[in-house]
Amino acid sequence: MPVITIEAGLVNKEQKEKLIKEFTKSASEIIGLPEEKFIVFIKENADENVGVGGISLLELKSKR
Amino acid sequence: MPVITIEAGLVNKEQKEKLIKEFTKSASEIIGLPEEKFIVFIKENADENVGVGGISLLELKSKR
Amino acid sequence: MPVITIEAGLVNKEQKEKLIKEFTKSASEIIGLPEEKFIVFIKENADENVGVGGISLLELKSKR
Amino acid sequence: MPVITIEAGLVNKEQKEKLIKEFTKSASEIIGLPEEKFIVFIKENADENVGVGGISLLELKSKR
Amino acid sequence: MPVITIEAGLVNKEQKEKLIKEFTKSASEIIGLPEEKFIVFIKENADENVGVGGISLLELKSKR
Amino acid sequence: MPVITIEAGLVNKEQKEKLIKEFTKSASEIIGLPEEKFIVFIKENADENVGVGGISLLELKSKR
């Protein structure tokens, strides 16, 4: 029943499949519960909705 | 002030109204706080963003 | 695989059993998925860690 | 590494920039860690996905 | 009904009161909703339960 | 700035270090961002605060 959530930017379908697979595999081995017990949620966030150091990623990228 | 959140797949408007109503009613009765104090968030997730047992719901459904 | 989380104050064991049972039953009926698919997390918060209207519940209760 | 998340309704770009800036500034000063360490996520929710007192914001607004 | 959550390390009572007050005040002004509508949750995490760059804060601090 | 959170039962220190290390390594490779950008939170939950299929883990284990 463990639940793993990643808050990230936009990720493509292949990356999603890999994140789900790898997180589940690692956690299953480390915690010692079967893979079927694990749920993964991938949460995608637009650059304007994420801030680092007080500035949105949107603004940060526009300044580079 | 309790906050109830459900992470689910896509749900329609009628289901949303019912989830909000039922969760609030049950929690209000069990905890003993008035219904006005409760907030509910319904979070919808695309099949490709949810994994069970290391595989996305998108892939799981395509294999059936 | 839906995941229901409630952020609340302290609740006793009987209340926890009831919250888990009622949330799962309601959501299962409304969404149309079997009860086994649902996970519930009950998160308890001390009064000093929750604020309503800019004031902690600890302070609010001491002022009553 | 502190992470601040706000669950809100829809907010515009200017409000997002301000929320990120103000939350980071306040938290940095209060906790005593440099602003670079703070991450902010702004989560926007449609009115039909938020309930207060057992009724969705969508229904509440339509009744006014 | 907006809900603001901060995931942090351990913070003292005075810091908690200030975080609740400042987050609520800023968000109320920026979003344009009365302060009473805002809920704040402060989540404290032990150093061994937080990782940055693949290493726990516990290990990071022991290496300094 | 991606943030990975696992909601689990109780885990020991060695498991925590491994979860932090493995989640960060996998996500860094898949998403293509340096490991320093990733934050991991490990959230531990008592058996009475987690429900699967409408029954708490506490009750489930006592019935075995």
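First chain written, first letter: the chains are A, B, C, D, E and F, and each begins at residue 1.
Following the convention adopted for this analysis, contacts are C-beta pairs under 8 Å (C-beta built on N, C-alpha and C of every residue); 3 or more make two chains touch, one makes a residue touch a chain.
According to UniProt, the chain labels map to these proteins: A, B, C, D, E, F = 4-oxalocrotonate tautomerase.
For clarity, every value in this text was computed on a predicted model and none was experimentally measured.
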item	value
Type of chain C (4-oxalocrotonate tautomerase):chain E (4-oxalocrotonate tautomerase) copy interface by residue overlap (half), same or different	different
Taking each chain's C-alpha mean as its centre, the one farthest from chain D (4-oxalocrotonate tautomerase)	F
Most remote chain, CA-based centroid, reference being chain E (4-oxalocrotonate tautomerase)	B
Whole-Å gap separating chain D (4-oxalocrotonate tautomerase) and chain F (4-oxalocrotonate tautomerase), where each centre is the average of the chain's CA atoms	25
Geometric centre distance via CA averages, chain D (4-oxalocrotonate tautomerase)-chain A (4-oxalocrotonate tautomerase), whole Å	20
Between chain A (4-oxalocrotonate tautomerase) and chain F (4-oxalocrotonate tautomerase), centroid-to-centroid distance (C-alpha), Å	13
Junction residues of chain E (4-oxalocrotonate tautomerase) - those touching two or more other chains	1, 3, 7, 19, 23, 39, 41, 50, 52
Pairs of chains, among all present, that meet the touch criterion	A-B, A-C, A-D, A-F, B-C, B-D, B-E, C-E, C-F, D-E, D-F, E-F
Chain E (4-oxalocrotonate tautomerase)-touching residues of chain D (4-oxalocrotonate tautomerase), taken from the complex the two chains share	1-9, 11, 15, 18-19, 22-23, 26-27, 30-31, 50, 52, 57
Touch list for chain C (4-oxalocrotonate tautomerase) against partner chain F (4-oxalocrotonate tautomerase), complex	13, 16-17, 19-21, 23-25, 28, 35-44
Residue ranges of chain D (4-oxalocrotonate tautomerase) touching chain B (4-oxalocrotonate tautomerase) (in the complex, touch as defined)	7, 45, 48-56, 58-59
Chain A (4-oxalocrotonate tautomerase) residues touching chain C (4-oxalocrotonate tautomerase) - in the complex, by the definition given at the top	1, 3, 39, 41
